[in-house]
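All remarks here apply to the structure that follows.
Going by the order they are written in, the chains are A, B, C, D and E; count residues from 1 in each one.
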Amino acid sequence: MAGEERVVKLKIDNVRKVYNSQNGEVIALNGVSLDIYENEFITVVGPSGCGKSTLLNIIAGLEKTTSGKVFCDDQEIMDTGTERGVVFQQYALFPWLTVLGNVKFGLSLQGMKKEKADEIAMKYIRMVDLEDFVNSYPKELSGGMKQRVAIARAYAANPSVLLMDEPFGALDAQTRTQLQEELLHTWEKEQKTCFFITHDVDEAIILGQRVIIMSARPGRIKEVVDINIPYPRSQETKITPEFLEAKNYIWSQVYKEYLEVRK
Amino acid sequence: MAGEERVVKLKIDNVRKVYNSQNGEVIALNGVSLDIYENEFITVVGPSGCGKSTLLNIIAGLEKTTSGKVFCDDQEIMDTGTERGVVFQQYALFPWLTVLGNVKFGLSLQGMKKEKADEIAMKYIRMVDLEDFVNSYPKELSGGMKQRVAIARAYAANPSVLLMDEPFGALDAQTRTQLQEELLHTWEKEQKTCFFITHDVDEAIILGQRVIIMSARPGRIKEVVDINIPYPRSQETKITPEFLEAKNYIWSQVYKEYLEVRK
Amino acid sequence: SEDEGTSEAEGKEADKVKVAYMPNYASLNTVVAGMKIGAFEEQGIEVELVEFADGPTIIAALESGSIDVGYIGPGAHVLPIQGEAEIFAFSQLGNADEVIGSSEKGVKTIEDLKGKTIAVATGTSSETILDLTLAEVGLTKDDVTLMNMDASAIVTAMISGSVDAVATWSPNTNAIKNEMGDDAVMLSNNARYADQFPSIASWLVKPGYAEKNEDVLVRFTKGLYKGMDYRVDNLEEVAKWVAEEIAVDPDAVVQQIGDGEWITQDQLMTMIEDGTLEAYYKKQQENFKDAGRLKEEEMRPVEEYVLFNIMTDAAK
Amino acid sequence: MKRVVKIVINQTLKTKNKSNVKKTPMTKSNWVEKIPSNLWVLISLVVAIFIWTILSIIPNTSRSFPNIFYVSESVVTMMQRGVFWSDIASSLISVLVGFLIGFVISLPVAVLMAWYRPIRFIIEPWIQFVRNIPPLAYVPLVVISAGVGRTPQIIVITIATFLTMSITIYQGVRNIDPTLIKAARVLGAKDKDIFLKVIAPASLPFIMTAIRLGTAIGLTSLIAAESTGASAGLGMRIRALNNTFEASPMLLYIIVIGVIGLIFERLVKLLERRLTGWQEKRE
Amino acid sequence: MKRVVKIVINQTLKTKNKSNVKKTPMTKSNWVEKIPSNLWVLISLVVAIFIWTILSIIPNTSRSFPNIFYVSESVVTMMQRGVFWSDIASSLISVLVGFLIGFVISLPVAVLMAWYRPIRFIIEPWIQFVRNIPPLAYVPLVVISAGVGRTPQIIVITIATFLTMSITIYQGVRNIDPTLIKAARVLGAKDKDIFLKVIAPASLPFIMTAIRLGTAIGLTSLIAAESTGASAGLGMRIRALNNTFEASPMLLYIIVIGVIGLIFERLVKLLERRLTGWQEKRE
């Protein structure tokens, strides 16, 4: 995947983000710069509160920077855009819509005809293997199924960038593993630029081409680790020496950060 | 652990349980008999709806049998009793009590003096490594911490039988693994008769001395598998050939059951 | 309360009488005057006042036995006729109801009412006066638009010009006149129909009470008489006492002085002797029957429910 | 292997739903469970009529509780007077229109309160303030500004229902999960879409509660509302019948109001089941 | 390794709590955020007084809205008449006692309704039925059975508050997680313990809502309650002042009711924060 001529998809340029809260200012991000290439799979780890979600929200256009800019396809990001899809940790499905209704929500907004929207939505519902549940409401689905719907919904809007904020954080191990594999599989088929936040170092390594390690107070990029494990990867990858080496290294770095935060 | 002279702690004798629901009778359990020995660790697997929870509730005294009897220490079980503690899947902590208040709930009910109750409760709070959170309310705890409180609460009442209904079902993988190890550790120190329901075959094998496989419609005991892996067990046990053999065997049996249910 | 013979019960503990009233001059003037001049004390009676918003609730309180005597206006007299209560004293002929037109809206005479919107509280004596007023010029309720509303809302409706005329009672009428000045034209009032529709107000007890407590009742009536006589000569002073009792503006109560024909004990005795009083009550029965509120078979002799003997005994 | 995992997920799911069903934990006796709910309604009715009959026999209460025959008779009486149906119709119109306007106003007010702190801080205390004042107390004010007839009746009911509904809906909108709004935005929703397609459906359960409270308050404010001037109406007639001491038709009218309330309640329940079936009940 | 895992848990936890803070998603302007809430109350007050002053100038409304000076003056008037404090005291006693009795009755009724189907089926429809009837309509009935004075006032308020509170608490008890009850039973709790140590605290949030609704309804029923015969009281005085068309003291009394309502609201909020701080807010 690491071809020679790489196009920069997302350019994060010296971003600073300060929140004003009752207890004074909180510097959530400071001097964050990063180029993310087209079709690249970036994973992000770091202690809680280091600004991972803030960065993702800025890329998504859900929050504004205090200073610095973010570009997508050389266009400055000012607002949300359908070329940047987001998958949230808590699924964020619309509980009053069926699986189908959720997946085609974005399509209907774009004024697409019902038949066409249904057709596209069904394609992605099949992709996540939920064709038996098209007309089910979210409350009738298990956590893993809900997250699959969220992924299908993000895919259906056909974004070129997929931003995921700990999408598997709330799932049990089995489901989590399974969804990781499905995600990898889909990404290998239909490449998109992925920005994937996780607390789980294993997950970061098994998915990412580069792992971004962030540090807190203020949130900065501490290190970028290249993961040179070839795709297709699977759960077996976890026992390869490359994996274990990367894991040990990243753990130690993240662990330091955790200790830092505790102080 | 498998000593020569084994005392029967729980005797389940030809239990049948029928529920009357709007759609007619549901036979939840039929002809279930089992002897559980003192200090034994029993794990139970089986498809959903095969009556695992029903059996546990009957042993706990929360439900009555339709026919058949259950004995604890040769005494017929007619009601709940503090010698049989239960840990529920959804934690079932009292949200209006602190960690300490939850753990000593049962002790206070038994009319124990405040100081004594506090002392005993603290012992078990330390056991589950939550001494920093004594005065926190459940809402301030993560899922894993809540489940630890539930376990401490069950232990504090000093039951000789511990009934657990998918206690780790809602936890993420890391926490789950950690709690499994803690539970094993505690059980090795302070032996109790454990009856542990799970959906996770790995979990059933790593914890149990015997794995009960149940089958559905009506709920019966399909097979009892002895796990001859010596304690102390740990996560490394999962790569031993004994473990893998047991896993393959039980998976295949359970899988058959699942297919059965689907039909 | 069952003491023997002696009516002047000095040195003995006073008998307590709970009196139900409505917060206006007509209802309170005799009792308050009697209390202030010590007329009840003299009779060994301690009066406790309880305020009510309307007659129906007073009747209900009377029935439950939680008050002893109550003041009621004309509308509630159907109940004593039906045997639900007994009248032990006449209070006054009311002159509080008026039909008022708004000259601005073109209602200057009774004839002008045709086709207009008139506010009235249904079931009250004001409604009857309105009926009589309309009948005088050959109109019926069908010739006008009736708005049934709460007494207080009637005033605001009239002043704000939402209705063309009203039929209501004092103090609402005073408030309307105060606010509208010359624009408010009084078209008719009770006095105009006194012979057709006597607006009788009376004092009530529940059936059987008088029999058991005749002595107390007579003494209470004696107190009332003293209050009546004092009142006739001191209308304004009594108005101020009433205002004090119900904690409202004294001027507002003074304006209510014209609400009735205030009589003395002697005048009352004359009315009893020459049969005028009985005639009023009889007429009242007929009016109820005509209005469909009383059935033919429910009509009965006045002396069965008006206890003339209490009134005459008290005058001795 | 993958297949198995999937089945496990489905199974877990089933367990979850099942647990929604067994709500009441403690019912023990079995024959009680078997009595159908229609029969219960009947039993409840019989008990009530029995108590009523007793009240109509006790001398003290008999005048206010005429027995059931007199009350049924008075249906005929009131129909002969030609007011029974027009009273019901008039009150229904006032309550429904007042309720609808109150509802329509409370929706945007609730949303504005939830979104904009200044509006919340300025409006909320006043809503809370007026909410505790008996509607009868502001009847004269309404008559001054709106005259007599249908309008002020509707206004009184609008005010009373608005106060309660806006607070209820406001709490609902406040409780909307902000990620739902974010999710809609990243899928390309504009402010209008967010209002119509997220805020509105997401606050439906609270809107339903508001509707339920609103209709009840509309009915209990009926007497106050119709004291602003009415030529027909249940509340106005109750006052008039009270003035003329006609206990039977008065009790009849009180019962009519109660029955209308029950019918509203059922309708709202029906609506609720249809509109918020997607809602996840508490675990 | 274990240590790290534990930290991760704590961190996750922090994130969770944090997310409770950012409730309103859409507030954009920053200076608005900085105005302290006390200032907002002041602004709100100023706006209201401004509107009031305008109303007192417009000829049409000026009679019912005397300006603020007249109204303040009437505090003195009513004190001179010697009724101001006794009216407030009397109404407070009626409302509080009525509310308390209503509350004390509604607790067991709610629990019984939640636990026993027969009781639920028999009682619930009647509560729903009476709930929609204006309290003024049953005032005569109350007077007949309870006489005059404090008792019937309290009874009217008790009925009105009971109806709403029992339904609210009942829904709360119904919603109690049955596993909590099971958990208590296996720890040796008897029926009494379950009631006192599980049902009672678990339904506290709903009880709080019930209290809030109950006090509001107690106040709005004040005029109805005090029309049963009273010697002092805010509602009864409002009627009397209404009869004599004294707009200033009447408006004053209306404001007093509103203020009492606000004070109750604050007290309940305080109580709520103390008693249900453990409650997990919706994610």
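Everything that follows uses one rule, which is that a contact is a pair of C-beta atoms (placed from the backbone, for glycine too) under 8 Å apart; a residue touches a chain by one contact, two chains touch by 3 or more.
Keep in mind that this is a model prediction, so the values were computed, not measured.
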Equivalent interface positions on subunit D and subunit E, same or different at half: same
Angle of the C-alpha superposing rotation, subunit A to subunit B, to the nearest 5 degrees: 180
Centre distance in Å when subunit A and subunit D are each reduced to the mean of their C-alpha atoms: 45
Rounded Å distance, subunit D centre to subunit E centre (Cα mean): 18
For subunit C paired with subunit D, centre-to-centre distance based on mean C-alpha positions, whole Å: 41
Subunit D, residues touching no fewer than two other chains: 8, 12, 33, 60, 63-64, 140, 144-145, 177, 182, 242, 283
Where subunit C touches two or more other chains, by residue: 54, 56, 60, 63-65, 152, 155-156, 159-160
Residues of subunit A engaged with two or more neighbouring chains: 90, 169, 174
Residues on subunit E engaged by subunit B in the complex (per definition of touch): 2, 5-6, 8-10, 12-13, 16-17, 177, 179-180, 182-189, 193, 197-198, 201-202, 204, 276-280
Touching residues on subunit A, where the partner in the complex is subunit D: 60-62, 80-82, 84-86, 88, 90, 92, 94-97, 105-106, 109-110, 129, 137-142, 144-145, 153, 157, 174-175, 178
Of subunit E, residues touching subunit C in the complex: 60, 63-64, 78, 81-83, 139-141, 143-149, 227-231, 236-237, 239-246
Subunit D-facing residues of subunit E, complex: 22-27, 32-33, 35, 37, 40-41, 43-44, 47-48, 60-61, 63-65, 114-118, 121-123, 125-126, 128-138, 140-141, 144-145, 174-175, 177-178, 181-182, 215-216, 219-224, 235, 238, 242, 254, 257-262, 264-265, 282-283
Residue numbers on subunit C that touch subunit E, as the complex places them: 18, 20, 23-24, 49-54, 56-58, 60-61, 63-67, 151-152, 155-156, 159-160, 171-172, 175, 179, 244, 246-249, 252-253
